[in-house]
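The two complexes that follow have chain A in common; it is paired with chain B in the first and with chain C in the second.
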Partner chain A sequence: MKPVTGRPRGDHLLYRVVWLGALLLLMLGFAIAAILVWGTVKFVIDHGLNPSLLGTIYQPTHDQFGLLPFIAGSLVVTMIAIVVALPLALSVAVTVIATLPRQMQMIRQILSGLVAIPSVVFGWWGLSLLVPSIRWISGRPGFSLLAGGLVLAIMILPTLSLLSINALDRVSVRWVEGSLALGATPDQTLGRLILSVSRIPLLEASILAVGRALGETMAVQMVIGGRVLLPHGLLSPGATLTTQLLTDISLLPPGIPGHYVLDFMALLLLVAMYGMVVLVERTRRWSL
Partner chain B sequence: MRGQTWHRLALVGAVLVFTLFIAMIGDLVWQSLGVLSWHFLWSPPSEMGHGGIGPELLNTLVMVGIAALISLPLGLAGAIFRVEYRGAPGFLKVFDRVRFTFLSLPTIVIGLLVYQWVVVELGWPLSIRSGIVALVVMNWPFVVNIGIEALSGVPDTSREASMALGATSSQTLMRIVFPSALPALIAGLGVSTARLLGESAALIFTAGINVAVHWSWSMPGETLAVHLWYLRTESLAPHANAEAAATGVVLLGLVALVLYLTQKIAHWLKPRDYSRKSA
Partner chain C sequence: MRRRWIWAMVWGLVLLPWSYPAQGTTLKPLGMHQISIIGATSLIPLTKRFLPEWERRHPGVVVSVTAGGSWAGILAVAEGQADIGMADLAPLPKRALRLDSYPAGRLAVAFIANSDDGVKNLSRSQLVQVLQGRIHNWQTLGGHDKPVIVVSRPMSSGARAMLDRLVPAPGLSADAIIQLSNGAVLKTVRETPGAIGYVEWRPGMGGVTMLGIDHQVFDTSRLAAWPYYTQPTFYVAPGASSLVKQLAEMLSRSPYKAEFGIYRAQGIPR
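Let's turn to the complex of A and B:
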């Protein structure tokens, strides 16, 4: 009998279609990067390699493009979010793993429901409770980097808790039993075994959460105050790369000189996200 | 038992987290009680107070529904290629990096790009159709991810058994792989639809922040999430906060409904006993 070579007709068609789908996604991804690079090139053509980019004065209609306040704002807000959210998420994960293992499935479902809460709802909550509380405690306006960071912390909590539960759940029960049988207290088992062996998955979870916090726009924009000066303290209002993009798309429509600084800001965000993707790839390699 | 200090601290933290979320949702519902009514659900918004969210509700359902339908085949094709055909290792690496970067891209960047290229270059109006484009671009990599996870959940032994019986690869895909991956796929699509329902940053400059008197593809189409943002930041209407809360409650209700229904369907489709099914 002659061996069948090549693909039957239906298979070939299917192959072509799904190949095209994959290719289209790749092309769209590259097109996004290309458009942002092209916008940045146009910015350089219009304004030269503007030294003010590294400064702190942002007046795009007057050739002043200091992006430092926004970069600082993004970093500070993300930092607050992860520093506040990580211990809380870890306590949820530890409680679920060690204290309530039978309710794990239910708690996972609740958490994945909470992940789906739209970010504007967090923004609403920040405005109606967080900002007034900060105003009341500090006597300042309340719209601040701190408010932005706390809103983000609450927003990434469900995601981070879910990922932490998954990370801790991977630790073998036998190891835990072995540790307890050797006379280690539950606390010692937790610190020296469970958390210690899952530190790389936890790092990966944190990177994903940082990515989500860095890219969030609406919830932060509602509570951060939108001031374009370099913030001098957690309680002072500020802006992040994403919130400034939101504000400036309407203030600097295409055609107005300075519009392409927005493409540059978006490119910075794209590069940051790419960096995080590569970082996650690296951590996966370490954990093997 | 001794030596459980950290466990107790963790318990306190966990209780704190859940109290926080219960308080947050409770606060939202509590503040919305004054305005939430059938009238609010159906009537058009008004800056004078006593408006509603009727058009926003319609826009949200139409835009999210159509965007989800368009991005489904697009995303599935990429996922099938990635899982079933793979391609060269170098290609896989590039493909994965592009898809993860694309997936984590802030949605405001997608809003900026669609604004620059669809609204300004192509001259489409700030409208429902431009908004759908933004939602499709945003949802595409997410659906690819869902597809990849669902398809990889099917064990290779099923594929090998099917091929060994003489099925072609398309028959294997359609009759073996798809049916087994369907529950995971539907649950994942529910999550992606919930994500679309809550999207606002990509829509402000593509679909606009107001609604037209007469519904049309080429007219501005504010969604519920955008309306909530607008009410709470720009609007001067009286009771804007309560109306925003009520919009939030409706939005959360929609999200919960989509998640619940898709999980139910996924659960219902999950095969239980193969031996009883006749071939």
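Let's turn to the complex of A and C:
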């Protein structure tokens, strides 16, 4: 029988179509990044790259662009989301792996369904339930960084749970059985084997969740309060880079003086997201 | 030969978007005439209420409506990216002065407070001080012992533009909670003890105290006498097609305006 050499005719065509699709996606990504970089360059030319950018006064129509309240807001809200969601997601994953392995497929399907819920639904839930609860407990307005962080925590919980289940599910059954056969208790096997072996994939899942939390806009905007001053506590209203972008895009559409600060803010987010991607890649390399 | 056809189709699909001209009015896929409307959220309900009937009378015309704020509406029309802009800004940005305008009337801006605040009337000076964040507790104004929480719209809103004219420097309290829509402001004020805000009034708004200013009660049967209002207007480019101008005029004269709180006032010729 004659060996097949080269690529069959149909494959060649399919290869080119797929290549074209990938090229278009790359071009789109570069175009978006280029627009943001261009806007940022214009912003720097117009206003300079000075310490006032890390100031606390933000009045874009009066050439005051202190972005510290939004950077702080983004960091705090993301931190709250991760601190709340990670232990819960880990609990879901451990419960599924250790006690409900037969229902794993069904639970994965349910979690995938929850991932598909639009963020505005979470925002509405936060506005109707979370904000009044925080108001009732604290006696403050309820619109706060805490509300934003908790809404985000609930939002990223299904994604983080799915990724955590996948991470724990990768641990070989033989290793688990071996650990138990050597006399380790189920708790020792869970803590010293399963969680220990899965720490890199779990870290990877957490970083992806941080990226998701950092980029979320609508749900957070509905509950955070939109205050443009530096927040002085978790119960204080505030804003994040994304929520302020959403608020100001109507005021400063492209072509209006001051619009370029929005490009600068978006570029900051893009760089932060890229940092997350690099971190995920690094953690993958550590795990190999 | 077959492969060439497939490649031609692929390139055709890729190049199709670039073959469209930038002007919204001339975008005619499948022989349809498209009209794009963008701008103030306060005019979206009125526009959406009116359009189905108009589109039935104009088969072959598809109208898209996008919220984006008054500024974005005016800018989009000035730069030819949309056909009709909706805005309720005053004073008008320079770009709007070159456009043809179709005023719809007036939209009253009501000052609202949470029902537990215990205040039903404020002097104009008190209102300004509250909005500036210089009065911190309702007790100061004879109300209950509750901290004042100012709820506002973003700077792109027409109602906010009116408020910024009312409140002199240093302007609205930087401590204010910002909500993106009229409905969100109403809900927040209704549910937050101590809250005060302002909304573009429309029938059916309840559960809050409508504040009187300088003993002038907010009376929905005498809206024309209320001194706080915005002027929602539809804008088109001077060179727009007659169909676009006709639609803008019809929208500004829509019989449904009263449903959304828009009323005629002296000095407005429509």
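Methods note: the second predicted complex is superposed on the first by the 268 of 288 C-alpha atoms of A that agree within 3 Å, B and C clash if a C-alpha of one lies under 4 Å from a C-alpha of the other, contacts with A are read in each partner's own complex, and residues count from 1 in each chain.
We adopt the following convention: a residue touches a chain if its C-beta (ideal position, glycine included) is under 8 Å from a C-beta of that chain, and two chains touch if they have at least 3 such contacts.
Computed from a prediction, not measured in an experiment: that's the story for all the values here.
With chain A as the common reference for superposition, the partners chain B and chain C occupy clashing space.
When the two complexes are overlaid on their common chain A, residue A:Pro141 makes contact with chain C while staying clear of chain B.
In the superposition on chain A, no contact is made by A:Leu234 with either chain B or chain C.
After overlaying the two complexes on the shared chain, residue contacts for A:Leu129 are found with chain B alone; chain C is out of touch. Looking at the shared chain after the overlay, A:Ser119 reaches chain B, while chain C stays out of its contact range.
With both structures placed on the common chain, the touch criterion links A:Val96 to chain B but leaves chain C unconnected. Once the two complexes are overlaid on the shared chain, A:Leu75 sits clear of chain B and of chain C alike. Touch criterion not met for A:Val37: it reaches neither chain B nor chain C. When the two structures are aligned on the shared chain, A:Met222 is found in touch with chain B and with chain C. Once chain A of one complex is fitted onto chain A of the other, the partner contacts of A:Thr61 are limited to chain C, with no touch recorded for chain B.
Chain C runs into chain B after superposition on chain A, and of the options 63-71, 117-125, 153-161 or 171-179 the stretch responsible is 117-125. On chain A, the patch touched by chain B and the patch touched by chain C overlap at residues 13, 17, 20, 24, 127, 221-222, 246, 249-250, 253.
The touching residues of chain A, counted against chain C in their complex, run 9, 13, 17, 20, 24, 61, 127, 131-132, 135, 141-143, 221-222, 225-229, 237, 239, 246-253, 255-256.
Those residues of chain B that touch chain A in the complex are listed here as 1-7, 9-14, 16-17, 20-21, 24, 27-28, 31, 73-78, 80-82, 84-85, 87, 94-95, 97-102, 104-113, 115-117, 120, 137, 140-141, 144, 168-170, 173, 191, 194-195, 197-201, 204-205, 225, 228-229, 232-233, 241, 244-245, 248, 251-252, 255-256, 259.
By the touch criterion given at the top, residues 7-8, 10-11, 13-15, 17-22, 24-26, 28-30, 32, 35-36, 39, 87-92, 94-96, 98-99, 112-114, 116-121, 123-125, 127-129, 154, 157-158, 161, 185-188, 190-191, 211-212, 214-218, 221-222, 242, 245-246, 249-250, 253-254, 262-263, 266, 269-270, 273-274, 276-278, 280-281 of chain A touch chain B in their complex.
If you check the complex, the residues on chain C that touch chain A are 3, 6, 10, 14, 68-72, 75-76, 79, 149, 154-156, 174-180, 184, 187-188, 191-192, 194-195.
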